[in-house]
Every structure is written in C-alpha cells, then in structure tokens.
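In the two complexes that follow, chain A is the common piece, with chain B as its partner first and chain C second.
So, the complex of A and B:
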C-alpha cells in the first residue's frame, strides 16, 4: 500500500474534502493512500492543524505525501502541520499550488503509477497557469 | 546496425465511442494504462499530431477528444507494440473498469 505517494485533501468544508476524496477513489482507484479533512467540530467551515496532521498520518507513505488545499487558512494550517511533523517526515510532505479537486485527481493519477513526490507535485501544478 | 530512430515509431488509431469522449474518467484510465509501459507514447487528434505525452494526465485531459473522434497513438520503445494493443483495446472496449 505504501509504494505510492499519498494524497491529502484539506478543505474548509468537510463535504468538499469528503467529496473530493470520493472522486479520487472512484476515478483513480484505491492504490493511492488517501487522507482528508475539513470543517470545524461544530459543523461549520474551517481547517485545523490537528486534523491535517491526522490526515497526513492516514495517508502516510515512505515516498511522501502531497497536500491539496483550497483557500488561505487551509494552506497556512497545512504548512503549520508540516512543521509540527517529526523531522524525518517533514521533508517528505509538500503543499501543491493547484486547485483542490482537479489537483487531487491529477496528483493521484500520477501517484498511482509509482511516481516520485516531486513528479506528483509537478503534475498537480501543471494545472496552474504560470 | 540496429538502433531506434524516428522511423521506428509504431502507430495505431482508434475511434472514441465513449459517450462523453475523452473526458475525466476515460483520461485517467488511459493515462494510467500508458504509464504501465516503458515506451514513449504520444497521443494526437490527427495522424500528423500535434502530439501530447499519453502519460501526462493533464495533457491527455486537455485534448478533450469528443465522442466519435479518432485518436492516434504513436509509441517508441521495447514494449511499444504491447502498449498500443492495450491502449486500442481500452478505447475499443469503451474504458471498462479495471480489476
């Protein structure tokens, strides 16, 4: 299971995060470790560092983890979550500069072939106009 | 002397019957399959290209090949023949779900 880069989806909305994860599972398959999180415990919108760390843990692969985020806080909290990881893992987690839904599907497609973390990130970021 | 040069590219073409054409899900399947082969594989919408890398999900999806269009492959490498056979079969069988 850990032969492929893992994908983490971080959205302000639990529904967006779950829905995106479902798209990845149905379109790409289950051979990519997947974690997702979104929303606050009261059912509102938000992201938090602890949930992101748990999602990274769930999607963990020795090849690394690529995170897809939606807006502002999702990115800063993801960066904070990476900083709080054990040092041995920190350098193997990246936040992709890509749209969350499309980026997750593209990144997972790349990851499913056994690609490196850098290749997975590059594929997701191909979607972003320079 | 044997060697690989431009003339050695194998070619194939196939009609896309999928109701939505080469959109998201079919593109993912095609790309994943192409990536299973070592050969360099290109995809085009005409026999003369322009060609895109069939292993690039972003580029394959961007071709937006519509239903009833013919897509063209060319491949170069040790497993080029097997790759083209597999890709043509995938499209011919209307992108069935994998095992």
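So, the complex of A and C:
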C-alpha cells in the first residue's frame, strides 16, 4: 500500500504531462505515486476521461489522489472521471485549483512528507492568487 | 408518448447524423473564439454513438440515454464530452419508455441543473445553457406545433449568443473579442434539439 497521497497530472498535451511528471520525479523522487495523461482519444490535443481514470488508478493511494490540470476541459473531464470511479474512491480524489507544473511539484513535495490529501491540495492551491 | 426501440434508434441516428453533417460549421465557429476542436470532438463522439445505435436502442429508454451519455463522455475528448454526457446521464436517470410532457419537463430541468453544476456556469455566459434554457421555456409552454417551435427556439437562441461576452470556457480568454461570434456549444445544442424535434414530429 502506498503511504503517500498520489499525484495525477492532466494536460491537453501528452508532452506537457510527461514533462511535468519527469520534473516531479527528478525534484521529489519516486516516493509519491504518480500518474499522468494528455491528449484526446485519438492522440490530438485534448483530454480523455478514460485515460484520466487510468492515471488515477496508477497513482492510487489509500490516502487519496490530488489531480493537477491545465485548461478548462482538463478540469471538466477530471471531475467527470472522479464521478465515474467506484463510490469507495470518489471522495478521496480532488482536483486542485493550481497551475499544472508548479502545482504538481509543490503537491508532490507535500505528499512526499506523508501529508494528508487536504494538506497536499492546500499547498498546491497556495500558488493560486485568492 | 411511447419511445419504443425503433424510435430510440431513429432518435440516436438522427441526432448523430445531424451533428456529423455540421462538423465543419462547428469547427469554424470554434476556431473564431475557442481552440477549433469542437467539430472534430463532436464527430468522434457521435460516430461512436452511431456505431452503437443499434445496441444502445435495444435497452430501455433511460438506460439507452445513459449509454449515449457514457459514450460521449469517453469519446468526445473536450469539455463538451462531460457536458453533453452529464445532460444525457441525468435524462436517462428519470425517463421511462412511456413519457409525458410533464415528465420530460421535469427531467430536462434537472438535466440542465446538472450541466450548470458540471460547467460551473449559468445562463447569459455564452454557452450551451443559453440554448437549453429557452428550449425548456418553450417546452413548458406546450401547445400547438411544439416540435417545430422547439427547433426554431433552439436555432434563435444559438444566434442570440452572438452579441454575448463569454464568461466560461476557452472563449472567456478572449474577453470582449468573444463578442460577435456564435458560441459553438450553443450551436451544437441547437443542432441536437432540432434533430430531436424532427424525430418527435414524426412520432406525434
């Protein structure tokens, strides 16, 4: 069982998602379960509910999963993906209102310390002006 | 009104074909104020609906609507997937094969609320809601020639988004520059409502 909150990165671009995941791995290490996805179902720019659900599964931790998104559709599709999860998991996944790259690194740093899902989300969202 | 298996199939096929036939227009509208992918996203979603129309319509009306909703959620790729998906999933929860206008009004009103929540949006923000609300109002009025009036109301409502300023979605990044263009989501909603109205007119 993963002892830390998992982080999922959802971008319209697979390259951005992969690049962000690499930055998280390099800066924070591999103690944080990490999932990422980008692109629509045909591989163009966009987001994809099925891929987001798979990324949540990959990053799954009993402590929960924090999702970082880029633009509008990534957020809407992530919220939809959460709703389609089994009920037992639904309440333990949150979308953070934070910039995707900085948010992912900050959230993962917090998660690596063993913080709760709420603390991870708060840390990521400190980057967003109130 | 009884929505039997044949009507369900015709409904899904008519809607899907209508959207697919107008993909270029949706793409052009979205290029003007969005990222230009609304047409291709909707085509991907409705081609999947078309491919599954026979299988979907074999289920009850409620279950088949949920099936169409899930297909759109999984295939569309943009924000419109969850938005249309939520609309249909919500409708599917409450509609049975034999439906009255009152039941449709109640189900449609609840589905619009679900779309509002999903998109964190409301009427007047240059979105599909600006078509759905006027359509609900005409549905509530009822009376003669309802199907044709629903179609006309949807078309007009989409055109009425032209002078609006976008508050939600990618078009909101443009601020004032979003004024003067029809909202692509409002247009695709009008196409879908129009296709549904055509099928209902054939049934009634």
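Simple rule for what comes next: the second predicted complex is superposed on the first by the 126 of 130 C-alpha atoms of A that agree within 3 Å, B and C clash if a C-alpha of one lies under 4 Å from a C-alpha of the other, contacts with A are read in each partner's own complex, and residues count from 1 in each chain.
Just so we're on the same page, contacts are C-beta pairs under 8 Å (C-beta built on N, C-alpha and C of every residue); 3 or more make two chains touch, one makes a residue touch a chain.
Note that the structure is predicted; figures quoted are calculated from it, not measured.
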item	value
Combined model on chain A: chain C and chain B, fit or clash	fit
Which of chain B and chain C A:119 touches, first, second, both or neither	neither
Partner chain in contact with A:101 - chain B first, chain C second, else both or neither	neither
Of chain B and chain C, the chain that contacts the larger number of chain A residues	C
Angle at the Cα centre of chain A, taken between the Cα centres of chain B and chain C once the superposition is applied, in steps of 10 degrees	150
Which superposed partner A:54 touches (first chain B, second chain C, both, neither)	neither
Contacts of A:45 with chain B and chain C, given as first, second, both or neither	second
Touched partner set for A:85, first chain B, second chain C, both or neither	neither
Which of chain B and chain C A:73 touches, first, second, both or neither	second
Minimum distance between Cα atoms of chain B and chain C in the superposition (Å)	27
List of chain B residues in touch with chain A within their complex	24-25, 28, 31-32, 35-36, 55-59, 61, 98
Contact set on chain A toward chain C in their complex	40-42, 44-50, 71-73, 76-77, 79-80, 84
Residues of chain A that touch chain B when the two form their complex	27-29, 105-106, 109-110, 112-113, 123, 126-127
In the complex, chain C residues that touch chain A	35, 37, 40-41, 44, 73-75, 77-79, 81-83, 85-86, 118-119, 168-170
